[in-house]
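Okay, here's the structure, questions in a sec.
Should a chain be cited, it is by its letter among A, B, C, D, E and F, assigned in written order, with residues numbered from 1 in that chain.
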Amino acid sequence: MTETWLPSLITATPQEGFELAITLSRRGVKYTQPDVEVLKQLRPNYANSAEALTAASQVVAINFQTVAAANGYWRR
Amino acid sequence: MTETWLPSLITATPQEGFELAITLSRRGVKYTQPDVEVLKQLRPNYANSAEALTAASQVVAINFQTVAAANGYWRR
Amino acid sequence: MTETWLPSLITATPQEGFELAITLSRRGVKYTQPDVEVLKQLRPNYANSAEALTAASQVVAINFQTVAAANGYWRR
Amino acid sequence: MTETWLPSLITATPQEGFELAITLSRRGVKYTQPDVEVLKQLRPNYANSAEALTAASQVVAINFQTVAAANGYWRR
Amino acid sequence: MTETWLPSLITATPQEGFELAITLSRRGVKYTQPDVEVLKQLRPNYANSAEALTAASQVVAINFQTVAAANGYWRR
Amino acid sequence: MTETWLPSLITATPQEGFELAITLSRRGVKYTQPDVEVLKQLRPNYANSAEALTAASQVVAINFQTVAAANGYWRR
(Lines give C-alpha, C1' and ligand atoms only; values in the text may rest on other atoms or scores of the structure.)
Protein backbone atom coordinates (compact mmCIF):
# COMPACT_ATOMS: atom_id res chain seq x y z
CA MET A 1 0.00 0.00 0.00
CA THR A 2 1.43 3.34 -1.02
CA GLU A 3 -1.18 5.37 0.89
CA THR A 4 -0.07 6.57 4.36
CA TRP A 5 -2.56 5.38 6.94
CA LEU A 6 -0.33 5.03 10.05
CA PRO A 7 1.86 8.11 10.52
CA SER A 8 2.13 7.65 14.30
CA LEU A 9 0.96 5.56 17.26
CA ILE A 10 0.59 8.68 19.43
CA THR A 11 -2.97 9.84 20.19
CA ALA A 12 -4.33 12.64 22.33
CA THR A 13 -6.59 10.46 24.51
CA PRO A 14 -7.02 6.78 25.51
CA GLN A 15 -10.26 6.68 23.56
CA GLU A 16 -8.55 7.83 20.36
CA GLY A 17 -5.94 5.18 21.12
CA PHE A 18 -8.66 2.55 21.32
CA GLU A 19 -10.04 3.71 17.98
CA LEU A 20 -6.54 3.47 16.49
CA ALA A 21 -6.40 -0.11 17.81
CA ILE A 22 -9.59 -0.80 15.86
CA THR A 23 -8.03 0.70 12.73
CA LEU A 24 -4.95 -1.53 13.18
CA SER A 25 -7.18 -4.60 13.57
CA ARG A 26 -9.09 -3.82 10.37
CA ARG A 27 -5.87 -3.12 8.48
CA GLY A 28 -4.60 -6.55 9.55
CA VAL A 29 -7.64 -8.02 7.80
CA LYS A 30 -7.32 -5.78 4.74
CA TYR A 31 -3.72 -6.74 4.04
CA THR A 32 -4.88 -10.36 3.73
CA GLN A 33 -8.12 -9.62 1.84
CA PRO A 34 -7.80 -6.28 0.05
CA ASP A 35 -11.07 -6.73 -1.92
CA VAL A 36 -13.56 -4.41 -0.19
CA GLU A 37 -16.51 -6.16 -1.89
CA VAL A 38 -15.56 -9.50 -0.36
CA LEU A 39 -15.18 -7.87 3.05
CA LYS A 40 -18.66 -6.35 2.75
CA GLN A 41 -20.15 -9.74 1.92
CA LEU A 42 -18.50 -11.32 4.95
CA ARG A 43 -19.78 -8.64 7.28
CA PRO A 44 -23.40 -9.81 7.98
CA ASN A 45 -22.31 -13.28 9.16
CA TYR A 46 -19.50 -11.80 11.05
CA ALA A 47 -21.35 -9.13 12.94
CA ASN A 48 -24.04 -11.60 14.01
CA SER A 49 -21.83 -14.23 15.55
CA ALA A 50 -20.95 -13.87 19.21
CA GLU A 51 -17.81 -15.93 18.66
CA ALA A 52 -16.62 -13.75 15.78
CA LEU A 53 -17.33 -10.57 17.73
CA THR A 54 -15.33 -11.83 20.70
CA ALA A 55 -12.46 -12.77 18.39
CA ALA A 56 -12.56 -9.27 16.88
CA SER A 57 -12.55 -7.72 20.34
CA GLN A 58 -9.49 -9.80 21.20
CA VAL A 59 -7.51 -8.46 18.25
CA VAL A 60 -8.49 -4.92 19.28
CA ALA A 61 -7.31 -5.68 22.84
CA ILE A 62 -3.90 -6.84 21.58
CA ASN A 63 -3.48 -3.79 19.37
CA PHE A 64 -4.63 -1.54 22.22
CA GLN A 65 -1.79 -2.93 24.36
CA THR A 66 0.66 -1.65 21.74
CA VAL A 67 -0.97 1.77 21.35
CA ALA A 68 -1.31 2.24 25.12
CA ALA A 69 2.37 1.38 25.70
CA ALA A 70 3.38 3.77 22.90
CA ASN A 71 1.50 6.56 24.66
CA GLY A 72 2.90 5.84 28.12
CA TYR A 73 -0.67 4.88 29.02
CA TRP A 74 -1.67 8.57 28.76
CA ARG A 75 -0.60 8.92 32.39
CA ARG A 76 -0.32 12.71 32.17
CA MET B 1 -18.42 7.61 18.43
CA THR B 2 -18.56 11.18 19.67
CA GLU B 3 -19.46 10.23 23.26
CA THR B 4 -16.52 10.10 25.71
CA TRP B 5 -16.39 6.71 27.36
CA LEU B 6 -12.65 6.32 28.06
CA PRO B 7 -11.21 9.48 29.64
CA SER B 8 -8.40 7.60 31.44
CA LEU B 9 -6.93 4.16 32.15
CA ILE B 10 -6.23 5.11 35.78
CA THR B 11 -8.46 3.57 38.45
CA ALA B 12 -8.43 3.76 42.24
CA THR B 13 -8.27 0.00 42.86
CA PRO B 14 -7.36 -3.23 41.01
CA GLN B 15 -11.01 -4.25 41.08
CA GLU B 16 -12.09 -1.06 39.33
CA GLY B 17 -9.28 -1.74 36.88
CA PHE B 18 -10.72 -5.19 36.21
CA GLU B 19 -14.14 -3.66 35.62
CA LEU B 20 -12.57 -1.18 33.19
CA ALA B 21 -11.04 -4.16 31.38
CA ILE B 22 -14.56 -5.56 31.00
CA THR B 23 -15.76 -2.24 29.61
CA LEU B 24 -12.90 -2.23 27.08
CA SER B 25 -13.78 -5.79 26.03
CA ARG B 26 -17.42 -4.89 25.46
CA ARG B 27 -16.48 -1.73 23.55
CA GLY B 28 -14.33 -3.87 21.27
CA VAL B 29 -17.48 -5.80 20.40
CA LYS B 30 -19.64 -2.70 20.07
CA TYR B 31 -17.37 -1.01 17.55
CA THR B 32 -17.87 -4.03 15.26
CA GLN B 33 -21.58 -4.50 15.97
CA PRO B 34 -23.09 -1.20 17.16
CA ASP B 35 -26.69 -2.46 16.98
CA VAL B 36 -27.71 -3.05 20.61
CA GLU B 37 -30.71 -5.16 19.55
CA VAL B 38 -28.48 -7.62 17.71
CA LEU B 39 -26.15 -7.82 20.71
CA LYS B 40 -29.12 -8.60 22.99
CA GLN B 41 -30.24 -11.40 20.69
CA LEU B 42 -26.75 -12.94 20.69
CA ARG B 43 -26.53 -12.86 24.48
CA PRO B 44 -28.51 -16.02 25.48
CA ASN B 45 -26.40 -18.35 23.28
CA TYR B 46 -23.30 -16.59 24.32
CA ALA B 47 -23.78 -16.65 28.06
CA ASN B 48 -24.63 -20.36 28.00
CA SER B 49 -21.60 -21.62 26.15
CA ALA B 50 -18.54 -22.53 28.22
CA GLU B 51 -16.33 -21.93 25.19
CA ALA B 52 -17.74 -18.45 24.58
CA LEU B 53 -17.43 -17.53 28.26
CA THR B 54 -13.78 -18.62 28.32
CA ALA B 55 -13.12 -16.60 25.16
CA ALA B 56 -14.74 -13.56 26.78
CA SER B 57 -12.64 -14.04 29.91
CA GLN B 58 -9.53 -14.14 27.74
CA VAL B 59 -10.28 -10.76 26.17
CA VAL B 60 -10.84 -9.33 29.66
CA ALA B 61 -7.47 -10.80 30.74
CA ILE B 62 -5.67 -9.11 27.83
CA ASN B 63 -7.31 -5.77 28.53
CA PHE B 64 -6.57 -6.15 32.24
CA GLN B 65 -2.86 -6.46 31.39
CA THR B 66 -3.05 -3.02 29.80
CA VAL B 67 -5.01 -1.40 32.62
CA ALA B 68 -2.78 -2.97 35.31
CA ALA B 69 0.40 -1.75 33.57
CA ALA B 70 -1.12 1.74 33.23
CA ASN B 71 -1.72 1.81 36.98
CA GLY B 72 1.73 0.53 37.94
CA TYR B 73 -0.10 -2.55 39.21
CA TRP B 74 -1.56 -0.44 42.05
CA ARG B 75 1.61 -1.25 44.01
CA ARG B 76 1.10 1.61 46.46
CA MET C 1 -20.54 -5.90 41.94
CA THR C 2 -20.30 -4.08 45.24
CA GLU C 3 -18.40 -6.86 47.04
CA THR C 4 -14.61 -6.40 47.23
CA TRP C 5 -12.90 -9.42 45.75
CA LEU C 6 -9.65 -7.89 44.40
CA PRO C 7 -8.02 -5.61 46.99
CA SER C 8 -4.50 -6.12 45.61
CA LEU C 9 -2.42 -7.99 43.01
CA ILE C 10 0.37 -8.58 45.53
CA THR C 11 0.79 -12.11 46.89
CA ALA C 12 3.33 -13.68 49.24
CA THR C 13 4.44 -16.46 46.87
CA PRO C 14 4.35 -17.34 43.14
CA GLN C 15 1.91 -20.13 43.90
CA GLU C 16 -0.54 -17.75 45.58
CA GLY C 17 -0.05 -15.54 42.54
CA PHE C 18 -1.02 -18.42 40.27
CA GLU C 19 -4.12 -19.04 42.38
CA LEU C 20 -5.00 -15.33 42.08
CA ALA C 21 -4.66 -15.72 38.30
CA ILE C 22 -7.25 -18.50 38.48
CA THR C 23 -9.55 -16.26 40.49
CA LEU C 24 -9.18 -13.50 37.89
CA SER C 25 -10.00 -15.97 35.09
CA ARG C 26 -13.15 -17.15 36.85
CA ARG C 27 -14.23 -13.58 37.59
CA GLY C 28 -13.88 -12.80 33.89
CA VAL C 29 -16.45 -15.52 33.26
CA LYS C 30 -18.72 -14.47 36.12
CA TYR C 31 -19.03 -10.86 34.93
CA THR C 32 -20.46 -12.20 31.65
CA GLN C 33 -22.61 -14.95 33.20
CA PRO C 34 -23.40 -14.05 36.85
CA ASP C 35 -25.94 -16.89 37.26
CA VAL C 36 -24.14 -19.51 39.38
CA GLU C 37 -26.71 -22.18 38.46
CA VAL C 38 -25.96 -21.79 34.75
CA LEU C 39 -22.22 -21.98 35.44
CA LYS C 40 -22.73 -25.22 37.40
CA GLN C 41 -24.66 -26.74 34.50
CA LEU C 42 -21.89 -25.84 32.05
CA ARG C 43 -19.19 -27.37 34.24
CA PRO C 44 -19.47 -31.12 33.35
CA ASN C 45 -19.06 -30.54 29.59
CA TYR C 46 -16.40 -28.05 30.23
CA ALA C 47 -14.22 -30.04 32.57
CA ASN C 48 -14.31 -33.05 30.25
CA SER C 49 -13.15 -31.39 27.07
CA ALA C 50 -9.41 -31.20 26.43
CA GLU C 51 -9.94 -28.18 24.20
CA ALA C 52 -11.89 -26.31 26.87
CA LEU C 53 -9.34 -27.15 29.55
CA THR C 54 -6.49 -25.87 27.38
CA ALA C 55 -8.45 -22.68 26.68
CA ALA C 56 -8.99 -22.23 30.43
CA SER C 57 -5.29 -22.79 31.09
CA GLN C 58 -4.50 -20.11 28.50
CA VAL C 59 -6.60 -17.50 30.28
CA VAL C 60 -4.87 -18.40 33.55
CA ALA C 61 -1.48 -18.00 31.83
CA ILE C 62 -2.41 -14.50 30.60
CA ASN C 63 -3.62 -13.43 34.03
CA PHE C 64 -0.54 -14.96 35.64
CA GLN C 65 1.62 -12.69 33.44
CA THR C 66 -0.11 -9.70 35.02
CA VAL C 67 0.13 -10.97 38.59
CA ALA C 68 3.78 -12.01 38.18
CA ALA C 69 4.74 -8.59 36.77
CA ALA C 70 2.87 -6.88 39.63
CA ASN C 71 4.96 -8.86 42.12
CA GLY C 72 8.29 -8.22 40.41
CA TYR C 73 8.28 -11.96 39.69
CA TRP C 74 8.83 -12.63 43.43
CA ARG C 75 12.57 -12.29 42.73
CA ARG C 76 13.42 -11.80 46.42
CA MET D 1 -4.15 -27.05 46.98
CA THR D 2 -2.06 -27.16 50.12
CA GLU D 3 0.96 -28.82 48.46
CA THR D 4 3.77 -26.44 47.42
CA TRP D 5 4.48 -26.89 43.73
CA LEU D 6 5.68 -23.38 42.73
CA PRO D 7 8.25 -22.04 45.22
CA SER D 8 9.95 -19.80 42.65
CA LEU D 9 9.99 -18.75 38.99
CA ILE D 10 13.80 -18.71 38.94
CA THR D 11 15.57 -21.53 37.08
CA ALA D 12 19.21 -22.22 36.33
CA THR D 13 18.85 -22.45 32.55
CA PRO D 14 16.41 -21.43 29.77
CA GLN D 15 15.59 -25.08 29.20
CA GLU D 16 14.57 -25.57 32.84
CA GLY D 17 12.54 -22.41 32.44
CA PHE D 18 10.76 -23.92 29.45
CA GLU D 19 10.01 -27.03 31.48
CA LEU D 20 8.63 -24.86 34.27
CA ALA D 21 6.38 -23.22 31.66
CA ILE D 22 5.06 -26.68 30.82
CA THR D 23 4.39 -27.34 34.50
CA LEU D 24 2.49 -24.06 34.78
CA SER D 25 0.40 -24.96 31.72
CA ARG D 26 -0.53 -28.35 33.15
CA ARG D 27 -1.35 -26.83 36.54
CA GLY D 28 -3.71 -24.43 34.79
CA VAL D 29 -5.58 -27.47 33.52
CA LYS D 30 -5.46 -29.31 36.83
CA TYR D 31 -7.01 -26.46 38.81
CA THR D 32 -10.06 -26.72 36.52
CA GLN D 33 -10.16 -30.53 36.31
CA PRO D 34 -8.42 -32.01 39.39
CA ASP D 35 -9.55 -35.58 38.64
CA VAL D 36 -6.43 -37.33 37.30
CA GLU D 37 -8.50 -40.20 35.90
CA VAL D 38 -10.52 -37.84 33.71
CA LEU D 39 -7.31 -36.16 32.51
CA LYS D 40 -5.88 -39.57 31.55
CA GLN D 41 -8.98 -40.41 29.54
CA LEU D 42 -8.77 -37.12 27.65
CA ARG D 43 -5.13 -37.62 26.78
CA PRO D 44 -5.33 -39.99 23.72
CA ASN D 45 -7.65 -37.64 21.77
CA TYR D 46 -5.68 -34.71 22.86
CA ALA D 47 -2.21 -35.91 21.96
CA ASN D 48 -3.38 -36.99 18.50
CA SER D 49 -4.94 -33.76 17.35
CA ALA D 50 -2.70 -31.24 15.61
CA GLU D 51 -5.04 -28.44 16.66
CA ALA D 52 -4.95 -29.45 20.33
CA LEU D 53 -1.16 -29.80 20.30
CA THR D 54 -0.76 -26.32 18.80
CA ALA D 55 -3.13 -24.91 21.43
CA ALA D 56 -1.06 -26.61 24.15
CA SER D 57 2.15 -25.20 22.69
CA GLN D 58 0.57 -21.73 22.74
CA VAL D 59 -0.16 -21.92 26.47
CA VAL D 60 3.44 -23.05 27.06
CA ALA D 61 4.67 -20.07 24.99
CA ILE D 62 2.64 -17.63 27.11
CA ASN D 63 3.90 -19.13 30.36
CA PHE D 64 7.45 -19.16 29.00
CA GLN D 65 7.19 -15.38 28.46
CA THR D 66 6.54 -15.01 32.19
CA VAL D 67 9.32 -17.36 33.30
CA ALA D 68 11.83 -15.83 30.87
CA ALA D 69 11.06 -12.29 32.08
CA ALA D 70 11.38 -13.47 35.71
CA ASN D 71 14.86 -14.77 34.92
CA GLY D 72 16.03 -11.67 33.07
CA TYR D 73 16.11 -13.92 29.99
CA TRP D 74 19.12 -15.75 31.49
CA ARG D 75 21.30 -13.09 29.87
CA ARG D 76 24.28 -13.90 32.10
CA MET E 1 16.41 -21.16 4.94
CA THR E 2 19.72 -19.72 3.82
CA GLU E 3 18.23 -16.57 2.29
CA THR E 4 18.32 -13.46 4.53
CA TRP E 5 14.82 -12.07 4.91
CA LEU E 6 15.02 -10.46 8.37
CA PRO E 7 18.15 -8.33 8.76
CA SER E 8 16.58 -6.01 11.36
CA LEU E 9 13.38 -5.19 13.24
CA ILE E 10 14.00 -1.45 12.85
CA THR E 11 11.80 0.43 10.38
CA ALA E 12 11.53 4.09 9.44
CA THR E 13 7.82 4.46 10.18
CA PRO E 14 5.02 2.69 12.13
CA GLN E 15 3.40 1.74 8.84
CA GLU E 16 6.55 0.01 7.61
CA GLY E 17 6.65 -1.68 11.02
CA PHE E 18 3.10 -2.95 10.48
CA GLU E 19 4.10 -4.29 7.08
CA LEU E 20 7.08 -6.04 8.68
CA ALA E 21 4.63 -7.61 11.16
CA ILE E 22 2.71 -8.98 8.18
CA THR E 23 5.92 -10.40 6.73
CA LEU E 24 6.72 -12.08 10.06
CA SER E 25 3.22 -13.59 10.18
CA ARG E 26 3.54 -15.01 6.67
CA ARG E 27 7.01 -16.37 7.42
CA GLY E 28 5.57 -18.16 10.45
CA VAL E 29 3.24 -19.96 8.05
CA LYS E 30 5.94 -20.62 5.47
CA TYR E 31 8.28 -22.33 7.90
CA THR E 32 5.52 -24.88 8.57
CA GLN E 33 4.33 -25.18 4.96
CA PRO E 34 7.17 -24.19 2.59
CA ASP E 35 5.32 -25.40 -0.53
CA VAL E 36 4.13 -22.22 -2.27
CA GLU E 37 1.70 -24.17 -4.45
CA VAL E 38 -0.11 -25.54 -1.40
CA LEU E 39 -0.26 -22.06 0.12
CA LYS E 40 -1.81 -20.70 -3.08
CA GLN E 41 -4.47 -23.40 -3.05
CA LEU E 42 -5.38 -22.60 0.55
CA ARG E 43 -5.70 -18.89 -0.15
CA PRO E 44 -9.26 -18.67 -1.65
CA ASN E 45 -10.89 -20.40 1.33
CA TYR E 46 -8.77 -18.47 3.67
CA ALA E 47 -9.35 -15.00 2.32
CA ASN E 48 -13.12 -15.54 2.25
CA SER E 49 -13.64 -16.61 5.82
CA ALA E 50 -14.24 -13.90 8.41
CA GLU E 51 -12.91 -16.19 11.12
CA ALA E 52 -9.68 -16.91 9.25
CA LEU E 53 -9.16 -13.22 8.47
CA THR E 54 -9.60 -12.28 12.13
CA ALA E 55 -7.15 -15.01 13.13
CA ALA E 56 -4.64 -13.66 10.61
CA SER E 57 -5.11 -10.14 11.93
CA GLN E 58 -4.44 -11.43 15.44
CA VAL E 59 -1.06 -12.88 14.45
CA VAL E 60 -0.18 -9.57 12.79
CA ALA E 61 -1.16 -7.75 16.00
CA ILE E 62 1.14 -9.96 18.08
CA ASN E 63 4.06 -9.47 15.70
CA PHE E 64 3.36 -5.74 15.57
CA GLN E 65 3.78 -5.61 19.38
CA THR E 66 7.30 -6.95 18.91
CA VAL E 67 8.22 -4.63 16.04
CA ALA E 68 6.75 -1.59 17.81
CA ALA E 69 8.69 -2.32 21.01
CA ALA E 70 11.88 -2.81 18.97
CA ASN E 71 11.40 0.65 17.48
CA GLY E 72 10.62 2.39 20.77
CA TYR E 73 7.13 2.90 19.32
CA TRP E 74 8.59 5.42 16.81
CA ARG E 75 8.12 8.06 19.51
CA ARG E 76 10.51 10.50 17.82
CA MET F 1 14.34 -34.71 28.54
CA THR F 2 18.00 -34.98 29.46
CA GLU F 3 19.31 -33.67 26.12
CA THR F 4 20.26 -29.97 26.07
CA TRP F 5 18.36 -28.21 23.30
CA LEU F 6 18.03 -24.67 24.73
CA PRO F 7 21.34 -23.40 26.11
CA SER F 8 20.50 -19.74 25.51
CA LEU F 9 17.89 -17.34 24.09
CA ILE F 10 20.61 -15.13 22.60
CA THR F 11 21.06 -15.24 18.81
CA ALA F 12 23.31 -13.33 16.44
CA THR F 13 20.53 -11.98 14.19
CA PRO F 14 16.74 -11.41 14.26
CA GLN F 15 16.33 -14.15 11.67
CA GLU F 16 18.11 -16.69 13.86
CA GLY F 17 15.89 -15.47 16.67
CA PHE F 18 12.82 -16.17 14.56
CA GLU F 19 14.12 -19.66 13.84
CA LEU F 20 14.66 -20.20 17.57
CA ALA F 21 11.02 -19.15 18.09
CA ILE F 22 10.03 -21.91 15.67
CA THR F 23 12.13 -24.41 17.62
CA LEU F 24 10.44 -23.33 20.86
CA SER F 25 7.00 -23.76 19.26
CA ARG F 26 7.83 -27.27 18.07
CA ARG F 27 9.27 -28.22 21.45
CA GLY F 28 6.03 -27.10 23.06
CA VAL F 29 4.26 -29.68 20.90
CA LYS F 30 6.88 -32.38 21.50
CA TYR F 31 6.64 -32.19 25.29
CA THR F 32 2.92 -33.06 24.96
CA GLN F 33 3.32 -35.64 22.19
CA PRO F 34 6.87 -37.07 22.26
CA ASP F 35 6.09 -39.83 19.75
CA VAL F 36 7.72 -38.67 16.49
CA GLU F 37 5.71 -41.20 14.45
CA VAL F 38 2.42 -39.72 15.64
CA LEU F 39 3.67 -36.22 14.85
CA LYS F 40 4.60 -37.31 11.31
CA GLN F 41 1.13 -38.75 10.77
CA LEU F 42 -0.50 -35.50 11.90
CA ARG F 43 1.64 -33.40 9.59
CA PRO F 44 -0.22 -33.77 6.22
CA ASN F 45 -3.58 -32.59 7.64
CA TYR F 46 -1.87 -29.93 9.59
CA ALA F 47 0.21 -28.40 6.83
CA ASN F 48 -2.80 -28.24 4.50
CA SER F 49 -5.19 -26.38 6.74
CA ALA F 50 -5.12 -22.59 6.61
CA GLU F 51 -6.53 -22.45 10.13
CA ALA F 52 -3.84 -24.75 11.54
CA LEU F 53 -1.08 -22.84 9.76
CA THR F 54 -2.33 -19.54 11.18
CA ALA F 55 -2.48 -21.08 14.65
CA ALA F 56 1.10 -22.32 14.25
CA SER F 57 2.23 -18.88 13.11
CA GLN F 58 0.60 -17.40 16.21
CA VAL F 59 2.61 -19.62 18.55
CA VAL F 60 5.78 -18.63 16.68
CA ALA F 61 4.82 -14.95 17.09
CA ILE F 62 4.41 -15.36 20.86
CA ASN F 63 7.74 -17.15 21.20
CA PHE F 64 9.40 -14.54 18.96
CA GLN F 65 8.27 -11.84 21.42
CA THR F 66 10.26 -13.64 24.13
CA VAL F 67 13.37 -14.19 22.01
CA ALA F 68 13.32 -10.62 20.68
CA ALA F 69 13.04 -9.16 24.19
CA ALA F 70 15.89 -11.43 25.37
CA ASN F 71 18.08 -10.01 22.60
CA GLY F 72 17.19 -6.37 23.24
CA TYR F 73 15.53 -6.50 19.81
CA TRP F 74 19.01 -6.74 18.20
CA ARG F 75 19.11 -2.94 18.29
CA ARG F 76 22.89 -2.84 17.88
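Definition applied: contacts are C-beta pairs under 8 Å (C-beta built on N, C-alpha and C of every residue); 3 or more make two chains touch, one makes a residue touch a chain.
The structure presented is a predicted model; accordingly, all values stated were derived computationally and were not measured.
The chains in contact with chain A and with chain C alike are B.
One copy, chain B, sits rotated relative to the other, chain C; on C-alpha atoms the angle is 60 degrees to the nearest 5. Shared numbers divided by all numbers used gives the overlap of an interface; between chain C and chain D this overlap falls below half, so the copies present different residues.
Put simply, the C-alpha centre of chain A and that of chain B have 16 angstrom between them. Mean C-alpha positions place chain D and chain E at a centre distance of 27 Å.
Listed for chain B are residues 46, 49, 51, 55-56, 58, 62, 65, 69, each touching two or more other chains.
If you sketch which chains touch which, the chains form one closed loop in which each chain touches exactly two neighbours. All chains form one closed ring of contacts, and listing them from chain A in the direction of chain B gives A, B, C, D, F, E. On chain B, the positions that touch chain C within their shared complex are 13-15, 18-19, 22, 46-51, 53-58, 60-62, 64-65, 68-69, 73-75.
Residue ranges of chain D in contact with chain C, taken from their complex: 1, 4-10, 24-29, 31-33, 35, 38, 42-43, 45-46, 49, 51-52, 55-56, 58-59, 62-63, 65-66, 69-70.
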